[in-house]
Amino acid sequence: MDLFLHQALAGLATGSIYACLALAIVMIYAAINHLNFAQGEMAMFSTFIAWQLMQWGAPYLLAFVGAAAFSFVAGIAVERVLFRPIHKAPVLSHIVLFIALFAILNSLAGFIWDYNVKSFPTPFGSRSLFGNGLVSSHDAGMMGVAFTMLVLLYVFFRHTRIGLAMRAAAANPESARLAGVRVGRMISLGWGMAAAIGAVAGIMIAPVVFLDPNMMTSILVYGFAGAVVGGLTSPGGAVFGGLAVGIIENLAGTYIPYVGRELRLTIALFIIVAVLTAKPSGLFGRAIVTRV
Amino acid sequence: MIAGVALALLLPLAIKGFFLFQLTLALIYAVAILGLNLLTGFNGQFSLGHSAFYAIGAYTAAILMDQADVAYYWTLPAAGAACFIVGFLFGLPALRLEGLYLALATFALAIATPQLLKSTPLEPWTGGVQGIVILKPEAPLGLPLNSDQWLYYFTMLTAALMYAGAVNLMKSRTGRAIMAIRDNPIAASAMGVNVALYKSLTFGVSALYTGVAGALGALTVQFVAPDSFTFNLAIALFVGLVIGGVGSIPGTLLGGLFILFVPNIAEELSKGLAQAVYGFILIAVIYLMPSGAAGLIRLIVGRTARSRSQPVHFETASRSARLTRETPMSSSTSGDENAK
Amino acid sequence: MPAALLETVGLCAFYGATQVLFGLDLKVGEGGVTTLLGANGAGKTTALRAVSGMVQTTGDIRFCGQSLAGWATEDIVRLGIAHVPQGRGTFVSQTVEENLKIGAMSRRDRAAISSDIERVYGYFPRLKERRKQQAGTLSGGEQQMLALARALMLRPKLMLLDEPSFGLAPLVVRDLFEILRTLNRAENVSMLLVEQNASLALDLADRAYLIETGRLVMTGAAQDLRNDENVRRAYLGY
Amino acid sequence: MRNDRHWLMVAAAMAIAALATAPAAAQKKYDPGASDSEIKIGNIMPYSGPASAYGEIGKTEAAYFRKVNDEGGVNGRKINFISYDDAYSPPKTVEQARKLVESDEVLLIFQSLGTPSNTAIQRYMNAKKVPQLFVATGATKWNDPKHFPWTMGWQPSYQSEAHIYAQYLLKNHPQGKIGVLYQNDDYGKDYLKGLKDGLKGNMPIVAEAPYETTDPTVDSQVINLKASGADIVFNVATPKFAAQAIKKIAELGWKPVHLLNNVSNSVGSVLKPAGFDNAAGVLSTAYMKDPTDPTWKDDPGYKKWSAFMDKYYPDGDKTSTFTVYGYLAAQTLVAVLKQSGDNLTRENVMKQAASLKGLEFDMLLPGSRINTGPNDFAPLKQMQMERFNGERWELFGPLMSGEVGG
């Protein structure tokens, strides 16, 4: 029973990693109705920016804000420079561009900052908070940040005009255009916001998994799993989904022989496929009801 | 055409074994991409996880040769059959997944494949992380060919059969049903096409092609290990598909050549930033030909041949282009008066 | 005929390399209703899309004397041209009220928006009942009302209406056209109407055009077309 | 024995062939890749992909060969070091190996990295009779001259290192209960096997916790190890995960005897990220000098390495053990080439590689020597245990060798 509780708590801590990234995934989905397979690498790169700023002597807060702001601008730039010119191309071509972006960012980060792992500071400290070190103050802080981002996103999407415009642009671009929504700007804004959220996620994740160019590759899959479980359209669902995946993974890893120990990623795969087939809109996503 | 075939047949006598080995691999990748293309280009289903089927094909061949001393040529049908079954089964849940969601599910499959291959329960067969080393086939009947040359011809023969099979399949009733599902699933279903069955079948056939390619790949590389079939392979196949041209059978050959040679070119250009260079090449290619090489060729041919009577293949080409033209940013609310 | 609010001169439209419209000269008067008649595939929807800047065009489009050539859809909309597309363009996963707010997205006078919403509910009381409901769950007639309501939120000078009666029951259609008439008279909204039901359209319109395969074949006052022998046989069915 | 005779016969055959074909140049013999002016050396590294951190090794080696060339080369011949990327994917390794051998026509392939990658090309290299020299992996199987006379390892094998830990535990903590954290691949399993063999069942392993390189953290595994009641942790993880484990163990307030595998005992890239306080008391083994260890601050060997780094590889990470590793491996190859003299045939190079006697290098631990023989394809065997005192490693005990045959 003790072990169960310990693993669940530790899963919650790991889950908040996934939750952070899942939020960024949901954000980009809200803007372009698409998954960004380079999202993890963008977050990694942003985290390196923060690290570099601190190496140059910037205080934590400045590095944090600086990296988020940089990412916001860079996200918009990526959309404008890379994706806008081919927005009419087939969706498969878009995926190839995501792949290209992935390769470029990963390679560039390795080239600039090399591949050795680097430690990354946390503003929350890493003392044991409760459960004998199972949840550290950083884990709790990370969860707090995830929830703060969640609330901000909720307010943005539900209670601001621009949030509504963004949802409209993503849901039905042509119609949105006919209502005077500047769809192109909304897409850019969505990219910028997703990149900034990714930066925050990266900065929160790096103290736990350490900073290196390959830090996000596998976390991205768990982030996808979290986002899918919660529903790609629901920021709240993404956070819940991320936490759930973390806990499920740990418990399965502890209690299911072989499968759990060796096939943790397969569990994520299983969760994705199971949720998608049973309830494609996720647990909290809005099912789109249409009458013809 | 004949000159091309002649060149392909005579090439092994003129070039180095290493280059031949590369060509053989490119051809193998082309067959794997063809499999992916049957699924994506002709049936409209996404997959970012075809490395899994490639791996199953490769392991089937390796295990049969290593543990049961099966002759290498028998491993191809076995690999194909195994992959057909697995593909068909994976196709069943995939039925309920559309576009992006299917991409996501298959993406996860690709990521999980290496773990599954080395998992303890399978270790007695797969050799776990150590993988399996197999022998290279020698030329039969005392043909005066070294094993590289023989493997090249063997691969070419297999590939020719596979391509002929694909072309015939797409010309058949079944092929028309498969494409009808891509173009308009509701209409296809209304016309009496069993959409579920055909979609799963296509998944199976697609996996079969990629699996046979995997078996050939195992023979050529003489080694299988979990690290050979990571997500990067899935990505490579996907890139080859798009670069070659979605829905284009000859384009797959180009895709195979691309994914084998272009990373090497990128490495020549810059060692430290090879991946970044590769990324930029990808971007450039997508900008220059947003619908892949086949799309570009089609465009050129279409321009020069517009005045002539409409070629037959033009119709299917534009149909497949329409499928893939659905961008994430456009929903189809256009009226019914689009020019036919 | 009052001064032209919208005027096209030699309008041609293309989908890729295929030309769909061949030199249309259309006019919508200030406060008037113009209807486009024609068979399926004649190019009526394309003509509306051309005005909204959603297809590639040549020739000139003038609105209030201003040329719209090269304008983006969003900017054309901001001049006060509300396009109600065929299929209604509903934001299915948003609520009814959110749909209305989206309709007002280009307006700067935020304060007036909520009063406008109430005003629009005045025309469409059914929508008020369903204000918190996901728009995708509305019936076809309600969705068409929502589309009109959303367009009204723009405070348009001109509405481009694409087959508003499509797929609706006759009773619903009658109500709908009643509302259109009211809007035209009370709010002074001009309209360019594409409609299968030529009889209804000619009742509402003051001016009509007949298009065949992208070319104008007849132009005139709605009354004149209604009385034309050929039009009667081909489009009015009596 | 049989091998010796084989060598003799080959050498005799070569001698006869050489005499018959080129009597004038009796002293100089070349295989593809070698000439009067140049020696072509091939290399395959994961510069991209999941194992790209190791690319640093290849870059250091390239830098070292530049230094050698600047100083006149080896016996007057410049080294042409051709290094390709395989992204840690075995099919790509095969392609690159064939490119090196058949297209670039290198004399030998040196320090190709990774167990799966080297397994993929081992049969090819041996069939082609091209040396696959000093492979950069610690698997035990490279020391197998009987079956693979053209393949040779370099670093102390994982198993022999694990033997050293087993000896240590049996002597100092015979009542302990061991928990093992290991990477679920050949590398992790090799260590695990070595430990089990070394313990010979005299101590219990109460928990085995494998992790995948795709796991974001090893927190869950560490918690399971603690829950198992283990009081000794054997940490067989690559740098990132090793650091995570050290940190997590400290966060849990758990104080087991902590044995850290040599792969991850870099102060700069493991202990520093993990936190020096957290790492205090951790045990490991070393066979080379840690560049971040102040013990070597004034050591002449260290200074030579440091000068080399500054001049030839200024972008390199001087806190990483990879750069030391590459430096040492390159020195070993240069020694073999020197020893081969003007007889630069593949046979002779392999023969010379198998007859290294008592080589000492700058950055090897004092007293540690490289020895090989016709039946001993494991150049480095000696290691010394060390303990982290919160600032730096302190060596203790004698140089030991795990003595594991192939």
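So that you can tell them apart, the chains are marked A, B, C and D in the order they are listed, and the count of residues begins at 1 in each.
Assume a contact is a pair of C-beta atoms (placed from the backbone, for glycine too) under 8 Å apart; a residue touches a chain by one contact, two chains touch by 3 or more.
Remember, predicted model here, so these are calculated numbers, not experimental data.
*Asks:* What is the touch distance from chain C to chain D, in steps?
*Replies:* 2
*Asks:* Need the most distant chain from chain A, centre defined as the mean of C-alpha atoms.
*Replies:* Centre of mass proxy via C-alpha means gives C as farthest from chain A.
*Asks:* If you tally contacting C-beta pairs, which comes out ahead, A-D or B-D? Let me know.
*Replies:* A-D
*Asks:* So how far apart, in whole Å, are chain B and chain C when each is placed at the average of its C-alpha atoms?
*Replies:* Computed value for the inter-centroid distance: 48 Å.
*Asks:* Between chain A and chain D, what distance separates the C-alpha centroids? Give it in angstrom.
*Replies:* 38
*Asks:* Averaging only over C-alpha atoms, locate the centres of chain A and chain B and give their separation in whole Å.
*Replies:* Those two chain centres are 31 Å apart.
*Asks:* Can you list the chain C residues in contact with two or more other chains?
*Replies:* 85, 89
*Asks:* Please set out, as single numbers or ranges, the residues of chain A touching at least two other chains.
*Replies:* 106-107, 172, 174-175, 183, 218, 221, 262, 264-265 - these are the residues of chain A that touch more than one other chain.
*Asks:* Counting only residues that touch at least two other chains, what does the list for chain D look like?
*Replies:* 48, 50, 184, 212, 214
*Asks:* Touching chain A in the complex: which residues of chain C?
*Replies:* Within the complex, chain C contacts chain A at residues 52, 54, 73-74, 77-78, 82-83, 85, 89-94, 98, 101-103, 105-107, 110, 134, 136-140, 143, 150, 154.
*Asks:* Which residues of chain A touch chain C once you look at their complex with the stated criterion?
*Replies:* 161, 164-165, 167-168, 171-172, 174-183, 233, 286, 288-291
*Asks:* Flag every residue of chain D that touches chain A in the complex, lowest number first.
*Replies:* 48, 50, 52-53, 55-56, 184, 209-210, 212-217, 219-221, 223-224, 227, 239-240, 243-244, 247-248, 251-253, 268-270, 272-275, 317, 320
*Asks:* Within the complex, which stretch of chain A touches chain B?
*Replies:* Within the complex, chain A touches chain B at residues 32-35, 37, 82, 85-97, 99-104, 106-108, 111, 172-175, 183, 187, 218, 221, 224-225, 228, 258, 262-266, 268-269, 272-273, 276-277, 280.
*Asks:* Looking at the complex, which residues from chain A come into contact with chain D?
*Replies:* For chain A paired with chain D, touching residues are 2-3, 6-7, 10-11, 13-14, 17-18, 106-107, 110, 114-119, 126, 128, 132-134, 136, 208-210, 212-214, 217-219, 221-222, 249-250, 253-254, 261-262, 264-265.
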